[in-house]
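Note that chain A is present in both complexes that follow, paired respectively with chain B and with chain C.
Up next, the complex of A and B:
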């Protein structure tokens, strides 16, 4: 077995167990793993943005267009780059107002992008999805017919729940309460589904830990668990002794 | 004499049969001929597609469609029988009319000829032509059509989305009408329990002398829930400033971090407590989802906040955060529009703003005419939805019974956005 593989196994098993140790209580191992995770995550994103955005979408096109004397395309790269760079002026209070140009563009672009797309998916196509089964209702099977009616009733009653312009009293209260039942049924199903998916992730981690507990990895999992246990027992005894001494 | 008579008989029998045979083959050839064979530009596209059309013959016939970009290398694109019913082109009726007596096949040049996309749109699009020919076969007789060609063009407007554009215009007009109305008098918004608890949560934090942790989620600034979250953050931090309590806002997205920083600063100024504002209220943590969750979990465990707010866009980290918050004993208020994460917030938090309630929250707390108007527009949309869905479901039921399928298709075209 290569040394790098063994080392990787120890790091993987160690980090997994350090994070799991949070289930018992906050401890220095968890803190170390947490800070390492944050740092590594940040470093990963810096290199990712450098190699997938800054170099291919800013540096290379700028160099190429300048070399080719293609001034139109150069401006098409330069303007968004300057707008992006304007965000960094946040760190210099005297000229931080420049960042507003970048942010205004970002907000406008975001709203412009999301508005028609949101209307299309959350409104227009949602109506189509609800009413489409009624277009050929009489050629549907009995089950599909019931399904279409349930979807229509469920959609309308849930919409009543999210109606904010009127007080939920009388008939509206009853309809919206009916909508809440639909919501809760959905939440229950979604909860069960996600929990199952999470368990499969957990099994994956356990599988890794079992794999690294073998002799070829020098019993990484076993030694780390033992180390953690010794630490927690010693900590308990030590703190108990300190507490007794104080009292 | 006998010979002459024989020749006459043979002549009398053979001439009509030869004439008849010629007539028959002419008829058959006419049948095999491809009528109205054209290559048309695909409407409302970016310029990489064409539509090949020709009239359908009722007789038993096989068609083989060949395509080329240079008239030399031909690709067999399709083989189809006259009785086949190919998929109709998915464009609304005001852009393209699908008829039963005509074959129409969209051809994406980039995909069919394996062209390099960047090169195609930068150079090839100006010169490329699509050539098409059809070989029609019927009862061992075949006919080759003439070669037709067409050129794809890029379009500035997507006409098939005009319905969405009209709706955006309509909503914009209604928005301005409602804003002017909202400025004149207060508009009613029903009680939202989760939001009434904000005062309770901030008050609790002040009494206990512990901080409030506000988590804006992992969405970017283009996410509607993040925008709503920033509005709520503004109102929460205003209350925090008024009560002279403390708040911590850990961030995942650097742009949201900068926007939130400005928002909190503005709230402290509006609450007339600019001196209490500190730059470390907003902290950027990381853009890695689970590292972000781990860092916030650590923060909650160590600082033991009196209240935790989770407002915005959340994914798998929702339960990781809410569970740790619940075990720390903090009062928790969550809100997201990510439907599959809502169950976790519902189970682990004291109050949960479900979907639209999150959007309504900013308006509800601030009573700002602009936000209240936006909420009223949403309600208008919901009312429109309820009316349309109810009326059209009944109409479709009647139409499907009477067999008015064309009209149903047109109504669905108007409502559906491609």
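Up next, the complex of A and C:
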């Protein structure tokens, strides 16, 4: 077994167990792993964007266009670079207003893109999906007919629930209350999906821990669990002794 | 000075917003090349915004270390993780694998980032159970529906659910998987559609407010 793989197994098992140790109680190992995750996570995205955006879309095109004297294309790279760099002025209070240029570009572009894209996918497509079965309603099977009616009634009642321009009383109150049932089913289903996703991640972690508990990895999982157990036992005894001394 | 601090940024939002919006609906090569170019610009500016986040994170932990606030030692781990990952990326030139071989960055991803990230999210499974206990206490008909939908989804995804269903309700000649599919495709879809339609209307209105400078929260304080 390669040294890098064994070392990796020890690091991975350690990180996994340090985070799991929080299930017992907050402790320095968890805190260290948590902070390490913040740093590693940030560095991961920084390197990702550096090697996939900054170098190929900023650095290289700038060098190439300057070398070739292609001033038009140079400006096409320089403008977003300056807009991007303007964001960094956030840290200098006197000129922090310059960062607005970068933010306004992102906001303007984002708003201009989300408006038609959102209307096309989330608005129109959902409406089309709801009413489309009624275009050939009588050619559907009995089950599909019932399903189409349930979806239509459910969607409308949920929309009534979110319609605040009129007071919810009388018939509207009843319809919107009916919409709550559909919302609850959706939330319950989403919750069930989330639970399954989290548990599949959990199985994955347990699987990794079992893998690293084997002899070829020098029983990484076992040794780290033992170390954590010793720490928690010592901590308990030590703190008990300190508490007794104080009283 | 107000023109540089306020009016030009607002004009930028308006121009980029309107031109992007128009380009979406105008099938012309100019608008197509604009969309292509502007998405590259967005990529670049967004990449720099990550640097803004990184500087902010490192600066706040630097302050904790310098001021020696409670738990300042843990902030050193933020720097340690950051530096280690950046060094690995530089060594591997940003590649996870090279000719089928795992690089130093790949090692960092597989043995540091991935275990930390996956475990952090998997720990939530335990908290979800306690949340489920609180939220699934059946106090009303809507709470009952929430519970039933969640239960069907979970049972429908595991072999044990199928076993329980066939033992208890096998005589119905249905399967828990088909019930789950129906819940997902019919009543859950209705709930989801209502929400999505509402969200899209809200997003459209907010976008218009941003483009026309009515919503200016992103401008910060004057």
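Basically, the second predicted complex is superposed on the first by the 247 of 247 C-alpha atoms of A that agree within 3 Å, B and C clash if a C-alpha of one lies under 4 Å from a C-alpha of the other, contacts with A are read in each partner's own complex, and residues count from 1 in each chain.
The rule is simple: contacts are C-beta pairs under 8 Å (C-beta built on N, C-alpha and C of every residue); 3 or more make two chains touch, one makes a residue touch a chain.
These numbers were taken from a predicted model, which means no experiment stands behind them.
In the superposed model, A:51 lies in contact with chain C only, and not with chain B. After overlaying the two complexes on the shared chain, residue contacts for A:91 are found with chain C alone; chain B is out of touch.
Contact with chain C, but none with chain B, is seen for A:104 once the two complexes are overlaid on the shared chain.
When the two structures are aligned on the shared chain, A:79 is found in touch with chain C, with no touch to chain B.
Residue contacts after overlaying the shared chain place A:183 against chain B and chain C alike.
Within the superposed three-chain model, A:239 lies out of touch with both chain B and chain C [touch as defined at top]. In the superposed pair of complexes, A:136 makes contact with chain B only, with no contact to chain C.
A count of residues in chain A touched by chain B and by chain C gives the higher number to C.
Of the two partner chains, chain C is the only one touched by A:23; chain B is not. By the touch criterion stated above, A:194 is placed in contact with chain B and with chain C alike. Comparing which residues of chain A touch chain B with which touch chain C, the overlap comprises 19, 22, 31, 33-34, 37-38, 40-42, 44-45, 87, 90, 99, 103, 106-107, 109-111, 113-116, 118-119, 121, 123, 126-127, 130, 152, 155-156, 159, 162, 183, 186-188, 190-191, 193-194, 198. Chain contact summary for the complex, chain A toward chain C: residues 4, 7-9, 11-13, 15-16, 19-20, 22-23, 31-55, 57-58, 76-77, 79-81, 83-85, 87-88, 90-91, 96-97, 99-119, 121-123, 126-127, 129-130, 147, 150-159, 161-162, 179-196, 198-199, 201-202, 204-205, 208. Within the complex formed with chain A, the chain C residues making contact are 4-5, 8-10, 12-21, 24-25, 37-38, 40-57, 59, 71, 74-75, 77-86, 89, 93-95, 105, 107-126, 128, 132, 135, 141-143, 145-154, 157-158, 182-201, 203-204, 206-208, 210-211, 218-220. On the side of chain A, the complex with chain B involves touching residues 19, 22, 26, 30-31, 33-34, 37-38, 40-42, 44-45, 87, 90, 99, 103, 106-107, 109-111, 113-116, 118-121, 123-128, 130-132, 134-139, 152, 155-156, 159-160, 162-168, 183, 186-188, 190-191, 193-194, 198. Listing the residues of chain B that touch chain A in their complex gives 161, 163-165, 167-168, 171, 187-190, 192, 220-224, 227, 254-255, 258-259, 261, 285-288, 290-292, 294-295, 297-298, 301-302, 316, 339-340, 342-344, 346-347, 354-357, 360, 364, 375-376, 378-379, 381-383, 385-386, 388-390, 392-393, 396-397, 399-401, 405, 408, 412, 415-417.
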